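Heads up, the thing below is written out as structure tokens.
A, B, C and D label the chains in the order they appear, each numbered from 1.
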Amino acid sequence: MDFWLSDDERDLQEGIRSFVEGRFPLEEIAEREETEAVIDLDRWREIAEMGVFSLRVDGFDNRSAVVAFEELGRGLVPGPIVATHLTAGLIDGASEGSAVVTLLETDATATVLDHAGQATDVLRFVEGGAERLDPGSLSLAAIDRPLDTLTPVWRVDGDVESGTEIAGDADAMRLAGTLLTAAQLVGVAAGAVELATAYAKEREQFGRPIGAFQAVKHLLAEMYTKTDVARSAVYAAACALDGAADDDVDRAVSVAKLMAGEAALFGGKTGIQVHGGMGFTWEVHAQRFWKRAVSLDATFGTVDHHSMRMAEMIDVRSGA
Amino acid sequence: MDFWLSDDERDLQEGIRSFVEGRFPLEEIAEREETEAVIDLDRWREIAEMGVFSLRVDGFDNRSAVVAFEELGRGLVPGPIVATHLTAGLIDGASEGSAVVTLLETDATATVLDHAGQATDVLRFVEGGAERLDPGSLSLAAIDRPLDTLTPVWRVDGDVESGTEIAGDADAMRLAGTLLTAAQLVGVAAGAVELATAYAKEREQFGRPIGAFQAVKHLLAEMYTKTDVARSAVYAAACALDGAADDDVDRAVSVAKLMAGEAALFGGKTGIQVHGGMGFTWEVHAQRFWKRAVSLDATFGTVDHHSMRMAEMIDVRSGA
Amino acid sequence: MDLRYTEAEQEFRHELRSWLQSVLPDVPAEPGPNDWAARREYDTGWQKMLYEAGYAGINWPREYGGRGATPTEHLIFLEETEQAKAPYVGMNFVGLLHAGPTLVVEASDEQKAARLPGILKGDDVWCQGFSEPGAGSDLAALGCKAVRDGDQYVVSGQKIWTSFAHVADYCELLVRTDSDVAKHRGITWLILPMDSPGIDIRPLRTMEGQIEFAEMYLDEVRIPVDNRVGDENDGWRVAMTTLSFERGTAFVSEMLQTMELCRDLATFAERLGRWDDHGVRRDIGRIAAELDALWALTKRNISEATRTGLVGAGGSVFKLAYTDLRHRLGEVALHLLDRASLSQDDIGDLATGDHVQGRIHGLKMSIAAGTTQVQKNIIAERLLGLPKEPKWTSG
Amino acid sequence: MDLRYTEAEQEFRHELRSWLQSVLPDVPAEPGPNDWAARREYDTGWQKMLYEAGYAGINWPREYGGRGATPTEHLIFLEETEQAKAPYVGMNFVGLLHAGPTLVVEASDEQKAARLPGILKGDDVWCQGFSEPGAGSDLAALGCKAVRDGDQYVVSGQKIWTSFAHVADYCELLVRTDSDVAKHRGITWLILPMDSPGIDIRPLRTMEGQIEFAEMYLDEVRIPVDNRVGDENDGWRVAMTTLSFERGTAFVSEMLQTMELCRDLATFAERLGRWDDHGVRRDIGRIAAELDALWALTKRNISEATRTGLVGAGGSVFKLAYTDLRHRLGEVALHLLDRASLSQDDIGDLATGDHVQGRIHGLKMSIAAGTTQVQKNIIAERLLGLPKEPKWTSG
């Protein structure tokens, strides 16, 4: 057993991290909020050139993928990266970044589709498989005020007609999608801790950095802890999916998504709190981490959804 | 509206408080843990002489009663005070303190009866009424290790036969019993805060009183806050029961019990935490507050039970 | 203890209720959140109506034109206006509840005569210039500098969180007049006319994307010494006197809205088929219970204020518990909303947007008007007598 | 990253499993909790069996008689012994996992030769004399005083939390040898033979009513200078070296038991007819998930230790998360138990007592071995680089 990043995994992590920091500075991402198109299509192609969309098609395993997606989450890189990645090699242009593939999910409340405005293709999981829909075939109503301006959303009205069946193992796609979304969430949580920690070291009140106050220190320690526990779960689930662990795959993936969602939601809100008044201003990025956490938590199943799934997987011993 | 203690209520509070402090010092209460009989029957009669059992029979209202029972809870006075009080005037000797009346409750797990060893009478609520049982009529199995040594318990096996019907309004008794248990719980919460606060001021670590550390201060502030909110709910429910408020009585009483249970459970556990290692020793009283909180929370309905009741009372508007 | 209203209180309620029923049909439709001129018109129009009916400055002393109502009557006023869906205090907030009360206690007779009627009549809108980018929780660290030049102060510096600054007539301004003494000691309280030259106001967007606050930059703004309230360097004490005006009613409207939001959420759960989920029931039932308890606490704080004139740290107890509850309510809501939580607008025919915005509101509540951390310090130090923070001596 | 065990690790597991199957039938029944002589017999008996089979001091270097196992093999050892329901380390804990490792690194050759074999063979039981009533979280404030008198130290003072003191042979004792220097600088580490005159041991009851710890009073106890490990006044560093021996396995047995307790609770809920309650399901499901995640974190910490030799502050991360989880598990359990929560013994035919005792255990876990508050400080300061506590300068 060696549950530590290999040198290759470490290299990949550093490569993606410097790509994200160089090409997706938070200031630039935030500027796109004011535009119709939060995805910069040139940059989208650069993501493809980095091999992110085709990563697993190119032979990398899920462990490499979670390491990469964590970095994308950490940098709040916008766009339906997971759905596009899942369909690489299955939908034209997904690997190359000429397609923007978004995921259609329906729950008890409604069908809310993100990134519909820039999507070229829509992925939907159906009973026993997955299919590709044309965005033009959907009855879309734009939402003026999305929660996360970097995750613009549309309401889908009426019945959705069947699309074209996508080859490939839909269950495996769904598991990988859940896992990679969890990896993004761990990145969001980690980004929130880093931002709040830097602020706590620099911001002074009552003659000292606020990070010298135990109350602030302890909030940051809790954020860090939840993030690191969730990261462990995500890495473990990646091992399970790669066959590099004996654990049950379904269970490991639910654990990962649940823990990562919780860590990101907690980290997002606590990061705002640590920033004090500045935390709820538009100009400070703290709120963007929380908003992304909410958006990604509601993708591939919320914390509550996966808690129920976990319970179903507990081996309740018949009464002896 | 004047939701503040009247002079009479204040006098009663002070009277009971000095009685409890004078006659039930915590050290002496703790010594009785080592004996078979946690209730000192002489002191039990003194409680009667103070008028606690006959308080409402003597014409005092529920507001006076909650003020008194809060003080009894604060001092961890042992024994089934509420059940004895409820049956004053209905069961012989209850008013005078020559009877010890305990309450029989059954839940999904089992029937666990406290104070059976010293009880002279058992009160049970049944469909549409209340009845008196003879302790001798029950099949009792002693429990060696109760959670709260000052609340010794017995398991009741087999079916319980019917007892003698008790006159009086069983619903009103049950409501009053729930309210007065809530009042005791507020007292338990308040006692836990006081003990932990005193310790935090006196105990030094790292060259300062531990109460100077923000982490400790904030724990105590949370304890105090939950206690004060719960106290407000208990007083409001007493007003409702006395007809001195427009609020729904059932709802107000559930709110009181729920909030008081939560405050005492939180205060009990947090008080232990504030005491550090000493908190889980037998000799320090911190743990006794938590144990009493657990015992009283499981009497007249737990926090969970009353949360469900509250939900049932929410006016869920029919879908418009 | 008695939670029943006296006959006089009931009469006050009935009179107010009838008046509200009679006038509310004449109140125009509420303008959109970003149309500031229209909002000023709307808010001050409502204030004029209140003034004419004798409800303006409900908690102000009669001698200054207020109604001199008791804290309980103030509570009734807030309950009834909320229930009738009357307009909120809106941008009259600072004048009526903060600057005005300070003037009542601390200003000279001339200042009172000049400024108080405008507030009551809805002629003048006030804003607050207290916080600064470097002085938030630690307000006394403020650095906006005022230098005396004859019968004027020349003020330069930056203020933040100045709501309604671009439509306000006056600003209650805290400035530093002495940097050589302990920070609380060198502060002065000034009335700043907002048409003074040298003021630059920049809108400050909040996380909802709304412009609710502003930053105010002052560049050698000249303020007559006559506009000083209280003595030079005594402004900290002057600013703190407003606290003695707070009678426990600060969060009443907000609480009533939260109760409504909680009932809405139960209804919402029911319509989603989630009301049979016992976990959802317990979560919502428990929040509903806590709201009832906080309502009781509010009445206790108001009764305390009636008796003693002050709420004391009971306000911090309320704020702490209420804030925590708003966080939990928001989290329960967002979990129920699932994908609808991605939108601040309603999705479908249910008011999902209210719950998403409510969640954001909760995030702000634990920061605005004294962070959760500050409230806990107040409770620990003032109510429990725990030692104050040690002074900072570097590492 | 690879969670699969190597062939060598699997082989180790199989060998161990066969050995456990072969010997466990010979292990006598576990004595009651308060029969200390019998418990010593039981614990040391098991240690002797381990020693003879080559499993004693599993993580100790081979040159000192240990097995020199990797952290992963140590993990496997703990998993297998737990799964086979083999005895725990019991009162060999201090010798095997604390005092022994310290001696390995810091003691003289003579001291090692004299003391290490007794620990491995189960001949000697050790206890720990570190904490004092006035020195808990702030251990370095300890005041138990040692005065040099020729070739002896004369020690007087009081120690607390000294588990197994009344049946131990030796005690790893921290004493103050210099009161005039910064508190960490004047501490010395001594081997105290427990049969020395002047030792008074008083049992310390815990909140369960059990006697698990003791207080130890030392009255002019004479300890040869030869029993000193490390230099005089260098004892703080010596005591801290044990941390470098911790390879992330400290809570493995405990975690496995908690997983069992969580499954038990689900079963319990099912038998009570409460498993259809979605709230209960989510609560338990979430705790089960967090246990899986903590199990993964444990493996990460162990892998880090394998690579670097140290766990670092990752141990604090684990402790904090695990403690919080134990609190929540305990609270879910007690709510389900309802009236059965009034008893530490089982009520009826379900093991309700385990859950009540488990709840109490959670209360201790957030205090013992570094309180939650101390862990958060460690994480904030060491992992996030936040400033240390300011020094205390009175009010």
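General observations
We take it that a residue touches a chain if its C-beta (ideal position, glycine included) is under 8 Å from a C-beta of that chain, and two chains touch if they have at least 3 such contacts.
Since we're looking at a predicted model, the values are computed, not measured.
Chains touching both subunit B and subunit C: A, D.
Chain centres were defined as the mean of their Cα atoms; on that basis the chain farthest from subunit A turns out to be B. A count of contacting C-beta pairs for B-D and for A-D identifies A-D as the more extensively joined pair. Put simply, the C-alpha centre of subunit B and that of subunit D have 37 angstrom between them.
Annotation: 48 Å between the Cα-based centres of subunit A and subunit B. Between the CA-based centres of subunit A and subunit D the separation comes to 39 Å, rounded to the whole angstrom.
The distance from the centre of subunit C to the centre of subunit D, each centre being the mean of the chain's C-alpha atoms, comes to 52 Å. In subunit D, the residues touching two or more other chains are 278, 281-283, 373, 376, 387-392. Counting partner chains per residue, subunit A shows two or more touched chains at residues 208, 212-216, 218, 303-304. In terms of inter-chain touching, the protein chains here all touch one another pairwise. Only residues 277-283, 387-388, 390-395 of subunit C touch subunit D when the two sit together in their complex.
Residue ranges of subunit B in contact with subunit A, taken from their complex: 213-215, 218.
Of all the residues in subunit B, the ones that touch subunit D in their complex are 105-112, 114, 143-149, 151, 153, 155, 204-208, 212-213, 215-216, 265, 269, 272-273, 276-283, 287, 290-291, 294-295, 298, 302-305.
Chain contact summary for the complex, subunit A toward subunit D: residues 1-6, 9, 63, 193, 197, 200-201, 208-209, 211-212, 214, 216-218, 220-222, 224-226, 228-230, 232-233, 235-236, 238-240, 244-247, 251-252, 254-256, 258-259, 303-304, 306-312, 314-317, 319.
On subunit D, the positions that touch subunit B within their shared complex are 131, 134, 136-138, 141, 160-161, 204-209, 272-274, 327, 331, 334-335, 337-345, 347-348, 350, 352-353, 356, 360, 363-364, 366-368, 371-373, 376, 389, 391-392.
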